């Protein structure tokens, strides 16, 4: 949205941020890259599209509230099934990321175009593949700790800011079939998605977040007594009737 | 609810399950125990009550859907602030627990009054204080793996069931200020909350879940340029206006 | 060793357990499988062999103490660099596994040929790929909780034993570049490595444990003052002389 | 050692660093504080002393190699039993900390007397109790990422350094009964242990690391067939003789 409403952003991203991100990913010929935007029906994320998506990158800022609950819920269900999720910058406050974290996802921030240096904390991690010990972004919006998320499984990057703050800028979470990567850089006021190392991280992250297991659609099945693994005779009283669904 | 509508449950818990749980906890004279039930205004969980509560035990089954979103959200906010949460048995499908886990929380189940043996996996943990290597519940409803929750921080108990299943029956999660304990036993068709070891676990769990830190009300504050820790001069364009709130 | 000294084991594994495991893995034509045994020089694990190994499966029982510290240390260094490690059954007490866990790795046990049922706790995990909800081993040695290891990152399998115990039988740990999988089944008194599902799990596990990132040889480098990222002038006294190594 | 051999350190810590740390802790009248130093028999850490110790703070630098394996092993055993361990600054390379982490524990470093700012990442954590959003140390030795330790359970502090680096400066790990806190500040060339916030953190950390559960001395017991929880008849061959200890 901001590229169409704000001149600064329109100048930096004439084709839109989503297209810049897609162009960077498309350099990797093993990837089949598509885009979806807010104003499309279902924000471009129909059941069929989600079904055919292995990894979803999510950028949002000014219009988090305009994302419908229907679409947010559908995305969450596909993440549970195994679709990788990469949340970018201000997506820390997106419906999808907040529903996955289940915490407030708050942080501190400042927009001063200051310098950011991202240190690699986990040089052996596939998301850091081919990177040096650190990389710098000359102008960026600052995000500072505390970042109110569940403790990540892995921290790939920690940022140093010119103004004196620090931030856990590259974090992964795995839960069952679900793989999530949060990557901090990406403010729309600066040409961050043209930065070659940022593009490299996104390519690495897409490969890391690709599904590895089978799609798992969970449920809450009753196991009837005569289907128990070990011979079993019913004892005592019961609340549920035979064949009944559980309470949800 | 079930104690008033179902004769079996009414006979086992004539004063209600909540009162049985409260009576068990009250044996510990260091605890100040109160109850709250669904039919009270705000289910008995007003802002003032929550503010004065250190640890909340949550049991629910047939009426998860009747808990209002307003109360569920208020409970979640207090959990973020540091109020301990103990989710009991069928509370795996309660609004509050599902919002904290952010996964489907599904499992398999069978109501056959079978035997359950809970093994202590972490004998040094305060929740297992004073317990033997295992304890048994003669009649129980079975819950089986897979239990669709984020990987717990600690697993205190794993259950063995007569019918052949297993289950992670005592799990803890910490996130920032938040402490959660899930404890599997507790089906209303059997007198499980009268079991002395179950009562002991609940007492231990309440002490474990008690707040340790300061109440933390998080926010998303802007740090103005002239308040940066290091001297800073604004560079490049900006999207946000001075003093503006971030987008949520 | 046991296949050559014990008639029972010799009959079950005439070519040795290592060969049976290798034969099972070799069915996957994408894998290049080799074996190494205790009596070889450096137990078959020379620097060159380790350098050329992506994933190491470790089985040991009667002769843990005969593994030299030199080889154990060399294996640990390669694991840090990114070589996957799969520890099998009684390898819970191997030098290599104990050095990676840094805990006592104790458990309870019983050799009664009883039935074991392994439940899949994480159906979406690549190690569980293609498996049903559970699989059974008709005769096995029992291992029981508490299993004294650091809390795993993921629990893939939990075992139910005929004699009444439970055990976390499939566990993963990641640390930086290191990936470890512990898999419980494998007692030498029974033909467990001929079990088709056990063979499938090992194939899945080898793919899971394969290196994903760059080999990372860590060190403890001094960053001289004139090489600091930000301009820096030395202040205050110092203990270390210029160019000095740190104390180890 | 450095206070007696190095004039700079002797001037800052005339009574020794250990005494300065002890004096700071002793302000908390609920604590009973004692010291132990390298040159004492068993470095002052006899079995009786360790048995009577709830929390051990470890500082070491120039003489890590002079700590005997006997004492290091005894300390590790007490940590497994539940004695809290607080590792300070250069203790990242101490025998005790390296044995608990089981990784290389390397980092980058620079001694330039530069400024360090420690951000609180987890404001609700008891170790951060009573602290502001950050605190500063005017002159410090820099430690930089990557810090080669297993991913901490919780990150309490992240440091920003004047020279451009970042570091996870306050980390906790729990494993069964064991509680460990690593705290980065503490170079002997600067009066860091006189800093009031550093003293406050150490007091908080001692309370956090205090044992909560029962002392757990683990073992690897055989459960004889006739003592199984469920009726069991031996089947198939066996390797172990009745009453035998397992192989270690």
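Read from first to last, the chains carry the letters A, B, C and D; within each, the first residue is number 1.
The rule is short, and it goes like this: contacts are C-beta pairs under 8 Å (C-beta built on N, C-alpha and C of every residue); 3 or more make two chains touch, one makes a residue touch a chain.
Fair warning: this is a prediction, and the values are worked out from it, not measured in the lab.
Looking at chain B and chain D, the chains that touch each of them are A, C. Farthest chain from chain A, judged by C-alpha centroids: D.
With centres defined as mean CA coordinates, chain B is found 27 Å away from chain A. Averaged Cα coordinates give chain A a centre that lies 35 Å from the centre of chain D.
Note on chain placement: the centre of chain A and the centre of chain C lie 31 Å apart, centres being C-alpha means. Within chain A, contacts with two or more other chains are made by residues 117, 122-123, 144, 146, 151, 153-154, 160, 164-165, 174, 176, 178, 218, 229. In the complex of the two chains, the chain B residues touching chain C come out as 117, 119-123, 144-147, 151, 153-155, 158-161, 164-166, 168. Listed in rising order, the residues of chain B touching chain A in the complex are 2, 6, 8-9, 61-65, 80, 90, 93, 99-104, 106-114, 139, 142, 144, 146, 148-151, 162-165, 174-176, 178, 187-190, 218-225, 228-230, 232-240, 246-248. In the complex of the two chains, the chain B residues touching chain D come out as 81-82, 117, 122-126, 128-130, 134, 153-154, 160, 174, 176-178, 208, 212-216, 218, 229.
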